[in-house]
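After this come two complexes, each holding subunit A, first together with subunit B and then together with subunit C.
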Partner chain A sequence: MSDPDHRHGEGYGWEDGSPERLYVITGGRSGSLESAPLDLVTLIVARSAPAPGMQPEHAAIMRMCQAPLSVAEISAYLSLPVSVVTVLVGDLLTDGDVLARAPVARAELPDLALIEAVIDGLQKL
Partner chain B sequence: MVREGSSPGGSGPASPVIWALPAVVIAAGTAVAVALVSGPARTPVAWLGAGAFVAVALACGAAARRGRELARLRVTVAEQRTALARQEAETVRLADTLLPDVVRRLREGEFPEDVLASLEAHDAHGPGLTPEFRAAHLAVLRSVLDAVVAEEDLRESAQRAFVNIARRVQAIVHQQAQELRDMEDRHGQSPSVFGDLLRLDHGTALIGRLADSIAVLGGARPGRQWNRAVPLYSVLRGAMSRIIDYQRVELHSVSEVAVVGPAVEPLIHALAELLDNATRYSPPRTRVHLTAVDVNAGIAIEIEDGGVSMSEEARNRAERMLRQAQQGIDLNDLGETPRLGLAVVGRLSQAYDFQVSLRSSAYGGVRAVLVVPQDLITTTSAATGIAHGIGTSSGPRGALTPAAGDTGGATGGATTGVTGPSRPATGPSGPDAPAVTERTPSGLPQRRRKTRVTAPASAAAPAVPPAPDGAAGPAGASTTTRTAATEPEPAPHVQPGMWLAAFQSGLSGDSRTGADQNSDASPVPASKGEQP
Partner chain C sequence: MDFRSSEPPAGPSRADALPETATAAVKVVIVGGFGVGKTTLVGSVSEIRPLTTEETMTQAGVGVDDTAGVERKSSTTVAMDFGRISINEELVLYLFGTPGQERFWFLWRGLFEGALGAVVLVDTRRLEVSFDVIGRLEERGVPFVVAVNSFPGAPEHPLEELRAALDLPGSVPIVVCDARRRESSRDVLMTLMRYLHSLAMTPKAS
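After this line comes the complex of A and B, so read on.
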């Protein structure tokens, strides 16, 4: 509901929007190196509530990740690009404030085998 | 003229008598001598006496006439001397007060015609001055006025040209910044492109600041205008985003207030210039500390660097520059100004009542303090969008409505209120959840969700009975009552357990109600949970 609002704010940024740019939020990092383990569908869970002195974005991620959320969802809620979220989550991960859960892919692996088995079985018919 | 006539009239009765006296004496002497001398000598004596009388009378008459003339001359000389003195005073007044006053009033933007008219009115009751003299003075004033006006016009048109160019640059920069932001959103998933975009964005912001500086020095507003209050935190980061070495700036505690819309851009710009000075004149490895605290007069924003200390003389020079800029700056002087930034800061602080002071810092560097007056400060609740994206984040998290209420002022201090009670509660639940997932893959790898849901329920009964488990326990029994109970108040810390419980109910068959309640509480996590 407030998403469209925000979009408008960004669109008519001459008088609305936010004065800060993305590079300040990430401290100039583009999320290329150390954030390798993170994926769009990696689930993030906060280990605790946000600490007082946190950067607002960190605090927001902590707050919304009380229930597991994927990186892509965090990105959508914060309306920040994925790379920014990756950097922010990377910070939180190194501080141990959040946990990253492996994406669902691993759980689906047996499915693939099963499907192959089914296909094989079907072909044998 | 009138007085010249009257003054001889005053001395008139005395002088003829005095000047007639010698002739009368001679006449009397002659008469006595004629009476005393013997007969034969009487005639010559009478003749001599008559001659002497005539001579003395003539001399006396001439003397009397000259005396009168002299008196008249004295009077005119005195008159002229006073007139001269008055003219001199008038000339001195012209040089000392009138001309500076006229120039000042013109600089302040009064119309030259008005200024001249008021001068004429003022001059009218300066008495004893000839019309020619007054006309000459006015002519002098007028020519000076013309010269000043011409100069002001020139300056103004130069400034307008500056501002005009600056505005165009600002427009381009702004458009580019917007496009960059769009591109950043679009290419957010490829870090290399994103990194390049960030660098471009940064460069664009630097250009924008330069254009803003030119506009400010040209006497205009800095540029963008904000029609709503912006949180101070965003303002500070906005200032950081406009300097080269923003990574060296460390943002410390920020009091949780917002800056009213009209003052946002000037404040950002002034702070950016101060930050730029701080980073530029300190060693590249040192940090620059940025804090904002409440003071009686408003909000004091401190910028402290660990650079070279400022000598007393340098400090005086800098403060003088600030003061000069506050009095209005001449574009021609800027060439000699080594630190353009201070001129801009001075200009802005004059226009918006910021108080800026530079002191040497305890770290050895410079400590700049900018005090924002109270009337430019408002509460954060007035500012809709909190720091970047945070405002929106709190929107969809309407899931956590009570929490969102608490953290409405999301930036800093409000979070403390939330963390106090909620942290101990969520602390145990955090470790609980991962333990569950680690158990799951061994048993049922595919149904992660289900196992995770069942796991806390199983763990709840024997092992730990804290709050979330208590919530999860009745979950199996009656979903509706529990959700109704949890929905109003303890959302932040019960929420995870809530969520799992709803899942459990959903999986156990009562999918409709569980999903609905969840979507009430937290729409997207619920849908998300179902997808995998």
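After this line comes the complex of A and C, so read on.
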């Protein structure tokens, strides 16, 4: 059983969530909306299989995004903070390794059709 | 079945993968105090077992002088559970359960930006928590509905009494739910969607 509150516990030489480890993974960059306009629910799709020699985290994202997957889900499966995943996905976007399917912004509302589609879908649950 | 290993997890199981046709995603935020049943609600309607995303709050260790000049950073990990509902072949709805304290909301950049709306989950035994949340959502202009999670043994108040206690505008829907039940949680989301629908139909007074 995993306990989310204690996932970053002892037993590892390097604490999973330690600032040092996250710094190394991202090369010291922090997630910024300016550089990569990624939302928690932006769907990411890989354009190919991971290339040999890719950074392990990049390769892991490529593997799990063979089907569309949200930034939040990537973060959950990698056990990495969203801000770190944003940087990693941003790298892959820059290199053209993945595509981002932008979330539907509320600014586009009032979109009755969208809300009606959600109501329709919920009714079928 | 969760395994902890140094290998990165493979990602979603085949059953949890979205179809290739999924092109758009929307989100709804479930806000409430600790133990009010956010994850229960998310879990009861989600098509996947709720997942956890984390953000790390890093604070420079101020006032730590016993480390003799060594700059220390302390980090706190805050978790947010979320689930997913495929609305149709193209559209996916994500549900994020977040703690009521506003300081956590900033951890997940853009949590409320682009969200369709929010559900404030209320425990009648701890109304004061919701008071704050409602005020913050109003300030941010996030449309929301209030759902009262019915806990066994919790005092039962008429909804209008709760509305008054929460100082809730008459236009904001308030419903009772049992977050453990799928249909009940679904109905909460329906209430929010119908409310959003009515808002979208009403021309904005500017």
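One rule holds for everything that comes next: the second predicted complex is superposed on the first by the 80 of 125 C-alpha atoms of A that agree within 3 Å, B and C clash if a C-alpha of one lies under 4 Å from a C-alpha of the other, contacts with A are read in each partner's own complex, and residues count from 1 in each chain.
Please note the rule applied: a contact is a pair of C-beta atoms (placed from the backbone, for glycine too) under 8 Å apart; a residue touches a chain by one contact, two chains touch by 3 or more.
Quick caveat, the model's predicted, so the values are computed rather than measured.
Asks: Which of the two partners, first being subunit B and second being subunit C, lies in contact with A:Glu116: first, second, both, or neither?
Replies: Only subunit C; A:Glu116 stays clear of subunit B.
Asks: Would you sort A:Ala51 into first (subunit B), second (subunit C), both or neither based on which partner it touches?
Replies: In the superposed model, A:Ala51 contacts subunit B only, not subunit C.
Asks: Which partner does A:Leu125 contact after superposing on A: first (subunit B), second (subunit C), both, neither?
Replies: In the superposition, A:Leu125 contacts subunit C only.
Asks: Applying the touch criterion given at the start, work out whether A:Arg101 contacts subunit B, subunit C, both or neither, answering first, second, both or neither.
Replies: A:Arg101 sits against subunit B and subunit C alike.
Asks: First (subunit B), second (subunit C), both or neither: which does A:Ser83 touch?
Replies: both
Asks: Of the two partner chains, subunit B (first) and subunit C (second), which one does A:Thr42 touch, if any: first, second, both, or neither?
Replies: second
Asks: A:Ala60 contacts which: subunit B (first), subunit C (second), both, neither?
Replies: A:Ala60 sits against subunit B and subunit C alike.
Asks: Mind sorting out which residues of subunit A both subunit B and subunit C touch, each in its own complex?
Replies: 1-2, 5, 17-19, 22, 31, 40, 56-57, 60, 63-64, 67-70, 73, 75, 77-83, 86, 101, 104, 106-107, 110-111
Asks: Which part of subunit A faces subunit C closely enough to touch in the complex?
Replies: Those in contact with subunit C are residues 1-2, 4-5, 7-8, 12, 17-19, 22, 31, 33, 39-43, 56-57, 60, 63-65, 67-70, 72-83, 86, 101, 103-107, 109-112, 114-123, 125.
Asks: Within the complex, which stretch of subunit B touches subunit A?
Replies: Spelled out, the residues of subunit B in touch with subunit A are 174, 177-178, 181, 184-185, 187-192, 194-196, 198-199, 201-202, 205, 224-228, 230, 233-235, 237-238, 240-241, 246-247, 253, 264-265, 268, 385-398, 400, 403, 407, 410-413, 415-416, 418-419, 422-423, 426-427, 430-431, 433-434, 437, 441, 445-446, 448, 492, 495-496, 499, 522, 524-525, 528-529, 532.
Asks: Residue numbers of subunit A touching subunit B in their complex, please.
Replies: Subunit A residues touching subunit B: 1-3, 5-6, 9-10, 13-32, 35, 40, 45-54, 56-57, 59-60, 63-64, 66-70, 73, 75, 77-84, 86, 99, 101, 104, 106-108, 110-111.
Asks: Under the stated contact criterion, what part of subunit C meets subunit A in this complex?
Replies: Residues 2, 4, 6, 8-12, 17-20, 22-27, 45, 51-56, 58, 73, 75, 77, 79, 81-82, 84-88, 91-94, 96, 108-111, 113-116, 182-183, 186, 189-190, 193-194, 196-197, 199-201 of subunit C touch subunit A in their complex.
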